[in-house]
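Listed below are the structures to be examined.
There are two complexes below, and they share chain A, which is joined by chain B in the first and by chain C in the second.
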Partner chain A sequence: MAPTDSNKSDSNKSQTKKPAVQTTGHAWDGDIQEFNNPLPNWWVWAFYLTIVFAIVYWIFFPAWPIGRDYTKGVMNDIEYTTADGKQVKTHWNTRALFEKNMREAEIEQQKYLDQLASASIEEIANDEVKSNFAYSMAKVLYADNCAACHQPGGAGVVGAYPNLADDAWLWGGSFEKIKTSIAAGRNGIMPAFSAKLTATQIDDVAEYVLSLSKHKTDVGKTARGKEIFNGTSGGCYFCHTKAGSGMESMGAANLTDSVWTLADVPAGDNLQAKKEAVKAIIQKGVNRKMPAWDERLTETQIKILAFYVHQLGGGK
Partner chain B sequence: MSETPTSQPEQQRIAIYPRSVKGFYRKIKTAIVILAYSVYFLLPWLRWERENGPSQAVIFDITARRFDIFNFTLFAQDIFWLALFFAFAALLLFFVTGIAGRVFCGYFCFQTLWTDVFMHIEHWVQGERPARIKLAKSKWNAQKIFKIGLTHFLWLVVAFSTGLAFTLYWGNAPDLIVEIFTFQAPLAAGITILFLTLTTYVMAGIAREQVCTYMCPYARFQSAMFDSDTIVVAYDSIRGEGNRGRHKPSKELIKHDKRQQAGYGDCVDCGYCVQVCPTGIDIRNGLQYQCITCALCIDACNTIMKSVGYPEGLIRYSSENEMQGGNKRILKPKTIIYGLSLIVVAVIFFWGLGARSVVDVSVRQVRQPLFVVLSNGDIQNRYAIKVNNKTDRQMWLTVSLRGLDGAILDLGRFDKIHISPASSATFYANVKIPQKKIRKENSRFEFVLKDLNEKSKTWTHEDNFFTPKKLVNQTVLKK
Partner chain C sequence: MKHETIETNAGWLIALTLVVISIGGLAEIVPLYFLDDTVEEVKVNGIETVRPYTPLEVRGRDIYMREGCYLCHSQMIRPFRDEALRYGHYSLAAESKFDHPFQWGSKRTGPDLARVGQKYTNQWHVQHLVEPRSVVRGSIMPNYPWLLENKLKYKDIAARMKALKIVGVPYSETKAEYDNNVKRFGKDVAVFLDINQAEANLINQAITNNYDGDKTNVTEMDAMVAYLQVLGTMVDFKKFDDGHFSTFR
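For the complex of A and B:
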């Protein structure tokens, strides 16, 4: 092939002259030479630089294992004070660095927490800077501690956990009452009436209960139910009051409003279904328990949680 | 192997010792250097009155996440203005290059300005070009060590000042400079100063024209903006070479008319234009990519032409067409297209920057729970109103609703929204609709926020109000 020939003649020509490429200087069998293609200088120097860097690194950072120990490096102390006041001084390591950074963040956060600790809930709620901080802080606390039952956002679960996002408060919706509920917990108890009242009586009471919240009910049944509700046979009025508006000190629900936390009345398509929901509660009673949080959470944490829960649906 | 690899011999850099020159363009360049240095070194010290914010005219405070440039305050979210500014700067560069070549390179580039200053130092310490060449070739002795050492020392002083001045833009200058010299400054400040000192020293002191010829991409792609009408520094070869080429101004050839009769060109081949060139080229060889159009050769040639009594302008700003006898043409399609795009981007940039909103308002519905039935049967939806106040003043906003029949707005503890200067806050609004007014599952309505300081300023935000389907059916059935 022509191009190869021309190449050959070119290379022959160059062999007679000084070779254009560097060789190592060795020659085997007379004419076999080893080409020397040195690495580019910038590469070589960058390589040397990495060696220098490594040596500097060994001096200043933990590097070499020695038996069960290792070299710690010099001039790289990390110092910080733990939350319980312990002075920690150690050689550089990422774990200590993490601890230190976390501690610094805590100290920074403490400034705001101190402000909240000395302020009343009222003051927190009225100040937009404090309330903004309290809100974001409490949101995390709520998600960690409360959301498992009361749901993120506070919607609760009908039949189990009260809705915190509405304006009906079983145990009171003021800052102080909410705070007490969180700190000390609550025991919500309503006795079961399945043994005390007959099936007809329970049906009548349920009819009356629905009439309290302006449902169109049977007049006769309602009248009989009212008698049981407000009389000694049922005794419902003892907690729910004669008007049926509930009693905060007992955690007794207001039966006259539109909010239902246990009997899912709004879900019922007709009066019968709504009544069944109410009857189930009257028959079985209620035994709900909200744990006390004062041992798990600090005073300030409970305070800002009370603020958070209060503003979820508009407290009282 | 039939092919023999051929190695390319490395070209050692030939040191350049530019001769100093006086003239019109030199004066312009000196004025630009003085102006640029004054602005660069003094700007961090300029104080500026701000109600709430740093008292420095230009400060890029990264920790506070705000850039203050005179009366403009830019926050992290305004960073896209930087992209627009770059687009504007790039188009300006293209536009100018299309008309007048590498004006930026020759007069305004940091590399040119700093190299110029470094060359002045070199000239001041070591003397004119021949003295410098002699010094470089001479054996090392006390005098050489002193002169070379002093040059490098002064270079380092300028380089350090450059790094220091740059660093002062990123903090409160009077405080930061004390912190730097007492080693209290943040590590980043130290690293920045060190880095800029080294790069300035290397680029302006040692690498010099190699930055322009090998490192800078602009030298390589600027040819795309050039055409034969672009104004460049050009040697008038027709006049300079004549019929018989250049000739030294010997006794019989010094008179202009005699020289022309003899057929020699006006170029007296003194080489001054080559000696003053900071990139070491000979402009008489025509336009070259190394030429940064610093125009010093024009000054050099004019000096010589004046001294021998020939007309000036043997080397001058001219276009290729003009040199070949054509006309100057500035308005060409390229100029118009670059110009129009420049105007468009400039309008977007400056108008946008001037009219940019200094207050961000966002409203989003709290969707967990989507709605709540209240004890009196009303439906409540909850909304988070986030306001970002980028101004320097206290802001008071009123909130109202539009387009939601019978709705009641409840801002909780606040009757209006207050946001401190340069900060943001979130407020929660509960919106209630009485049971009787419930018409449909999903109603569109608007939040209207009004600035109490400036009554004309309002923000509207459209959102949804959700109602449980069951309640809609009930109320509609009742009617």
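For the complex of A and C:
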């Protein structure tokens, strides 16, 4: 609606009676007027203050572009020493501020880290200060990087990610071996046998595998399975050894204990179900990867994690 | 123009309001296009290591946007100590220079993904995307099982890359453009940036790397995991001095 000059309608009386406030002179829809109150003083001053602040900011902080460069501001130098001992002095910027922050924290932590870097695992375990520091750091590192696969507490997921809290190890449970597992990663490989062996042969060898861990199995099948396991047709012994006790250099699982990392044998409530779990692994084979962490984590961080995993319960 | 004219004409009011509020944005953003330091130079032995996405990664990124992953995940590690300790080196401007639009995001319901590439295995990503709670108890991330079921549509991949080329991503169509990419990114990378080979390259990458654990099909999962696995892996920070990238500010 176009504004009319002023309004004279009755319904507006209550408003027009109010103390005289200037209006813009417009009236909308016949009776809606627009007041023209002056801004409160505090608001006006706050507004001027923001302008003053902007000018001060332009002087002291990086602000104005000039061609391909920009003003760096005055009296705002950031100074720090890099890890390799270089003195850096630069104008204020968030990245330099970050570098400085990181260095200060590193220097603070360095005395502990240095001690850990040179300490043996026994020294760390037996020294309260060192082991407390290692634990508190390891917990965070583990939660950020490992728990998604190995689960909180290292419980793992049967069939996918190995348990780190028990004393059965694929690649070895010594401190050094655990450290290697973490730093360089691991790849557990077992070929698929679905094409190489017949269904009966797979059934027999699975029967034999279960006999290794003291399950009550069929004598005839077990004997035939043993032939396959230790002979050329299966060749299982090549990785799992003739005794079936596994081989650390290949990451081959120990089949004689009650710990299962891939075949969920304990979940099966009769022999047939347990055997199906074992057969599934033999048929499909395994190709499991543990990522390498030496790109993402520092040597000391890996050492701290190895200490933590070693202490989770099963270190050797 | 009289105040009254603007107030009584919605069209003018909208147009002029837009002009006024864009002044702030223009004054802050436009100069960045002209500053030398805005986008860092990342070269190792004269070769640029930040490269455009391969055809398969392009499709993965499309699906990332289609599924709205950016609503819960940022891809921007800020230069703060706490973020660096958890996610790794802060993000460089150069790392998203071929992203149109960028996926920086502004909401972290889940963790930042700027450097998630190579952190986990393909197997983990597949399992996690199909059913997050099967690996991370208590996760509130939704299940995306259809990624594994849907065949990837890739017939239009060349057109998609051409569209990106128009906004400045250096995919090549001619021999001259290809040669230029060989100089910029090296031969191995340049091959993947060739629009004429796009479809073959896409299928090849999906089948060779077998991201989804099924060699017979190219699924949306192949594309998604290929994309996730490359995030944040293009700059090898060990090749640069400590604090090198702060000299660009």
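Going forward, the second predicted complex is superposed on the first by the 209 of 316 C-alpha atoms of A that agree within 3 Å, B and C clash if a C-alpha of one lies under 4 Å from a C-alpha of the other, contacts with A are read in each partner's own complex, and residues count from 1 in each chain.
Keep this in mind: a residue touches a chain if its C-beta (ideal position, glycine included) is under 8 Å from a C-beta of that chain, and two chains touch if they have at least 3 such contacts.
All of these numbers come straight from a predicted model, not from anything done at the bench.
Visitor: Of the partners chain B and chain C, which touch A:Lys284 in the superposed model: first, second, both, neither?
Guide: Touch partners of A:Lys284: none, neither chain B nor chain C.
Visitor: Classify the contacts of A:Asp144 with the two partner chains as first (chain B alone), second (chain C alone), both, or neither.
Guide: A:Asp144: touches chain C, not chain B.
Visitor: In the superposed arrangement, which partner chain does A:Gln22 touch: chain B (first), chain C (second), both, or neither?
Guide: The first partner, chain B, only.
Visitor: So, does A:Thr82 touch the first partner chain B, the second partner chain C, both, or neither?
Guide: It touches chain C, and chain B stays clear.
Visitor: If you stack the two complexes on chain A, which partner ends up touching A:Ala155: first (chain B), second (chain C), both, or neither?
Guide: In the superposed model, A:Ala155 contacts chain B only, not chain C.
Visitor: For A:Lys177, select first, second, both or neither according to whether it touches chain B, chain C, the two together, or no partner.
Guide: neither
Visitor: Return first, second, both or neither, reflecting whether A:Asp69 touches chain B, chain C, both chains, or no partner chain.
Guide: second
Visitor: With both complexes overlaid on chain A, does A:Asp166 touch chain B (first), chain C (second), both or neither?
Guide: first
Visitor: Under the stated touch criterion, which partner chain does A:His215 make contact with: chain B (first), chain C (second), both, or neither?
Guide: The answer is neither, since A:His215 touches no partner chain.
Visitor: Give me the intersection of chain A's contacts with chain B and its contacts with chain C, in residue numbers.
Guide: On chain A, the residues that contact chain B in one structure and chain C in the other are 151-152.
Visitor: Where on chain A does chain B make contact in their complex?
Guide: 4, 7-8, 10-11, 14-15, 19-22, 35, 37, 125-126, 128-129, 131-132, 135, 151-155, 163, 165-168, 254, 257-259, 266-267, 311, 313-314
Visitor: Which residues of chain C touch chain A once you look at their complex with the stated criterion?
Guide: Residues of chain C touching chain A: 4, 7-8, 31, 34-36, 79-81, 84-86, 88, 90, 118-121, 123-124, 127-128, 134-137, 238, 241-243, 245-249.
Visitor: Flag every residue of chain A that touches chain C in the complex, lowest number first.
Guide: Listed in rising order, the residues of chain A that touch chain C are 2-3, 26, 62, 65, 67-70, 82-84, 86, 88, 90, 93-99, 101-102, 105, 140, 144-145, 147-149, 151-152, 157, 160-161, 288-291, 295-296.
Visitor: Which positions of chain B touch chain A when the two form their complex?
Guide: Interface residues on the chain B side: 2-7, 366-369, 372-377, 380, 382, 410, 412-414, 417-420, 425-428, 430, 435, 468, 470-471.
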